[in-house]
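Each chain carries a letter (A, B and C) given by its place in the written order, and its residues are counted from 1.
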Amino acid sequence: MKKIIPFLSMMIVIMAVLVLGQNWLAQINKPPIKAANTNQVLNIYNWGDYIDPALLAKFTKETGYQVNYDTFDSNQALETKVKQGGTHYDVIFPSEYLVSKMTQEGLLAKLDYSKIHGVDNLAKHLLNQKYDPHNEHSLPYFWGTTGIMYNDQVFHASQLNAWGKLWNPEFKDQLLLIDGPREMLQPAIQALGYSLNTENQAQIKQIFNKFVALGPNIRGIVTDEKKQLLINGDANVAVTYNGDAQVVIDANPHVKFLIPKEGGPIWTDNMAIPKNSNNKKAAYAFINFMLNPKNAAQNAEYVAYSSPNQAALKYLPKSITQNSVLYPAASQLKHAQHYNNQPLRYFNEYNEVYLEAKTKVSLSGGLK
Amino acid sequence: MQKKILGNSYVLLIMVLLYIPIIFLVAYSFNSGTIMSGWSGFSFIHYQQLFADTRLLKILLDTFILAISSATIAAFIGTIGALFLDSFHNKKNLNVFSSLNNVLLVSPDVTIGVSFLILFTILGFSLGFVSVLISHIAFSIPIVLLMVLPRLREMDNTLIIAARDLGANRGTILSQIVIPEIWPSIMAGFLLALTYSLDDFAVTFFVTGNGFSTLSVEIYSRARQGVSLEINALSALMFAVSLLLVLAYYLYTTYSDKKARLTK
Amino acid sequence: MKNNIRAKAFFAIPYISWLAVFVIVPIGLLIYQSLTNAQGHFTLANFHEFITSSVYLPMAFNSVFYALIITTITFIISFPAAYVLSRLKHRQLWLMLIILPTWINVLLKTYAFLGLLSKSGLINQLLLTLGFGTHNLLFNHVSFIFVAVYLELPFMLLPIYNSINEIDTDILKASRDLGAKPINTLRQLVLPLSINGIKSGIQAVFIPSLSLFMLTTLIGGNKVMTLGSAIELHFIVTQNWHMGSTIAIILILAMAVTMYFTRERGKQK
């Protein structure tokens, strides 16, 4: 007993302090009582650190909705959570191919355009794509493209101006690739000149072989760490999103970004409302809030990705809008393809290829 | 004497190695730049941002509350489990039960997370603090048992038999002899359960909802965009608080031990 | 006697219900998933694929191989450290200080290692001043194992320390007075007397190491594939829960085998 009692009393004291702290925080966060929708909750499900927290506070202040902001780390994880239920989210942020997948699975509500204001502000080239014709279920939130960043002290742009050049022996044990089934195989698909959404079995087989042939050049298949690696000079070439490249360039001026001549895929992260949302009214209020050009501009400055909101661009500093990494010229995007969901059969096949290719590369090249 | 110095410097070396990454993280929380490399100058900017972001502060408190309560309850249930397994006379049964106990240790977090999610949705359980707490208790129990059971097995039985002969009842034996004897192992289990809880991402991710989040979930879901130095500041803060708690606990227990000895 | 057992079982209700709800039921779910296909029909195809595919067996070998190396190294480092620690004055405090770093998020620590192991990082600077030149320390076996050992160390150290700490110092003194060499005291007294702690340390490190996956992506650059990473992929990316469950079941079996080999032998208590 003489051991347990001091231990438990200590724990109880600590817990009491923590709970007091929590109450204090809750006091600070209370929205003004006069607002219309107090005690109503809006459940948002988004990528981590993908919105300016000040905007959430502003939204609560303007509308009275309390915001529950939950975060996920991958599209697949988002899909699993929404499908299983348990929490009813009101606004979610899936990437393009997931929009079409979730639409097919009947998980997304059809958008009611009579309740949305400011759609005209969105860039035309990002709307009405195959993954969501007429944007019936989603509106773009941020967008970007994929290209190659490299250290200009080691490599030259002419060595990298086509996706196929990544297979050259001078890149032995140098490349960093993006981790993800579509993203990892994308250079192989574009080097072969196929559609990013190919359903042709022979082509998928070829993509697999092409990727395995890249094995000796692969240094690692990574996500966010590549920024640090390029900044420190630990790696010199990486396939990357343009938004991430900008962060690296800001920290290490020797790093450059280019889009190979075949073009890169365009990705979009989108706002959508799940069918099982309990508070669609709040969801529309939030979408309208984010479509507001001033808010969109503030958010784009915080997140540092490219905003699809054309009307927001005039509120952004010129250093951002005239930056060709974040806002590439139309000529660079004319070949760009959008990802689309593949039918389940191909989806599975494609994933098997991804897993097998990844394993092959790890077992053959392996670690040295 | 020489040997003692050699041994002590060995432990010191391990301590240094263990703390180097922590020092690195804490140092960068004072970097005026935005990324964990290079050095742009000293600044408190990330701490200012942190204190302006009440959501992050709430997550920090939630994480601590979750970890401490789940580890305490897991230590309790795990110890009961160890006492229960220790009472088995049949070695075969003991082995079967210990294997069952370790299932959650070997299962990757994703499997645990998905199974628990299915379990909770079947039961119609609303996801949030309670579902996360239950899950954390669940995956921390095996590590507690793994720490406590061996200690029970090697415990000297003569004392217990003597006590029983003197007419002590089971409760007295448990609280006066067994628990003090295995206490260090229970503490070890408690501390490792804290580690499990603070570190877990996958299980928490699947079973959470309705605005409840932990530091790990927040950090992992930031990984695509990049983890900002604000998180370093948060971790530095957390580390400082943990260090203070550990010191306070140590002083407190040594003090109460001494007092207990004096009054005896 | 019967009453006694019933009393015990009553006492153990929280633990037994935990076993039932959070161990037995999930295992049941996993077995069900592993024995069905996407259409919900009964099949052994998943297990067949595991055995025949060119992917999984090498992966399984990889997992066991790395887990063994990681366990061995953590043991070699921890045992002497635990011994020295148990002789220190403020040992409880030191022990907690060893656990403290594990409370900082793994992902963050991994970022720290990316910085420390980088070309211009601390470790390379040290190597350079010692005259070994700079080396590429990222994305290779050594860095992977190094970081894994770093993360697993407390799980080995703690139980061993607890066991050694319980050894009566008089026995060790007696051994020394009788002229035994320190190495013999260590081998013939300390090692056997702390065997239970060592066992639980080995289990606490080896078993979770089989399913390491986080590290394989971060420090291994996805170039180390273990069964853990395969399960993660199947559950999250390819969403083939049937195959993922199959591998999970095989991992559980591997764990049971490990338990069998490290089981308690000898006389009943």
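Note that contacts are C-beta pairs under 8 Å (C-beta built on N, C-alpha and C of every residue); 3 or more make two chains touch, one makes a residue touch a chain.
Nothing here was measured: the structure is a model prediction, and the numbers come from that model.
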{"item": "Winner on C-beta contact pairs when A-B is weighed against B-C", "value": "B-C"}
{"item": "Identity of the chain that, by mean CA position, is farthest from chain B", "value": "A"}
{"item": "Where chain A and chain B are represented by their mean Cα positions, the distance between them in whole Å", "value": "32"}
{"item": "Chain centre separation (chain B, chain C; CA means) in Å", "value": "16"}
{"item": "Chain B, residues touching no fewer than two other chains", "value": "36-37, 114, 118, 219-220, 223, 227, 249, 253"}
{"item": "Junction residues of chain C - those touching two or more other chains", "value": "111, 115, 118, 236"}
{"item": "Interface hub residues of chain A, defined as touching at least two other chains", "value": "74, 77, 80, 223, 228, 232"}
{"item": "Contact footprint of chain A on chain B as seen in their complex", "value": "33-38, 53-55, 57-58, 61-62, 64-65, 68-69, 72, 114, 117-118, 120-121, 125-128, 131, 175-176, 179-180, 183, 187, 205-211, 213, 217-228, 245, 248-249, 252-253, 256, 260"}
{"item": "Residues on chain C engaged by chain A in the complex (per definition of touch)", "value": "55, 58-59, 62, 110-111, 114-115, 118-121, 136, 138-141, 144, 217-218, 220-225, 230, 233-234, 236-240"}
{"item": "Residues of chain B that touch chain C when the two form their complex", "value": "3-4, 7-8, 10-11, 14-15, 17-22, 24-25, 28, 36-37, 76-78, 80-81, 83-84, 87, 89, 91, 94-95, 97-108, 110-112, 114-116, 118-119, 137-139, 141, 143, 146-147, 149-151, 153-154, 157, 184-185, 188, 191-192, 194-195, 198-199, 201, 215-216, 219-220, 223, 227, 231-232, 235, 238-239, 242-243, 246-247, 249-250, 253-254"}
{"item": "Residue numbers on chain C that touch chain B, as the complex places them", "value": "8, 11-12, 14-16, 18-19, 21-27, 29-30, 77, 80-81, 83-85, 87-88, 90, 92-94, 96-109, 111-113, 115-116, 118, 122, 150, 153-155, 158-159, 162-163, 165-166, 182, 196-197, 199-200, 203-204, 207-208, 210-211, 213, 228, 231-232, 235-236, 241, 244-245, 248, 251-252, 254-256, 259-260, 263-265, 268-269"}
{"item": "Chain A - residues contacting chain B, complex", "value": "1-4, 6-8, 10-11, 14-15, 18-19, 21-22, 25-26, 28-29, 41, 43, 47-50, 53, 56, 68-74, 77, 80-81, 84-87, 223-224, 227-228, 231-232, 244, 247, 251, 303"}
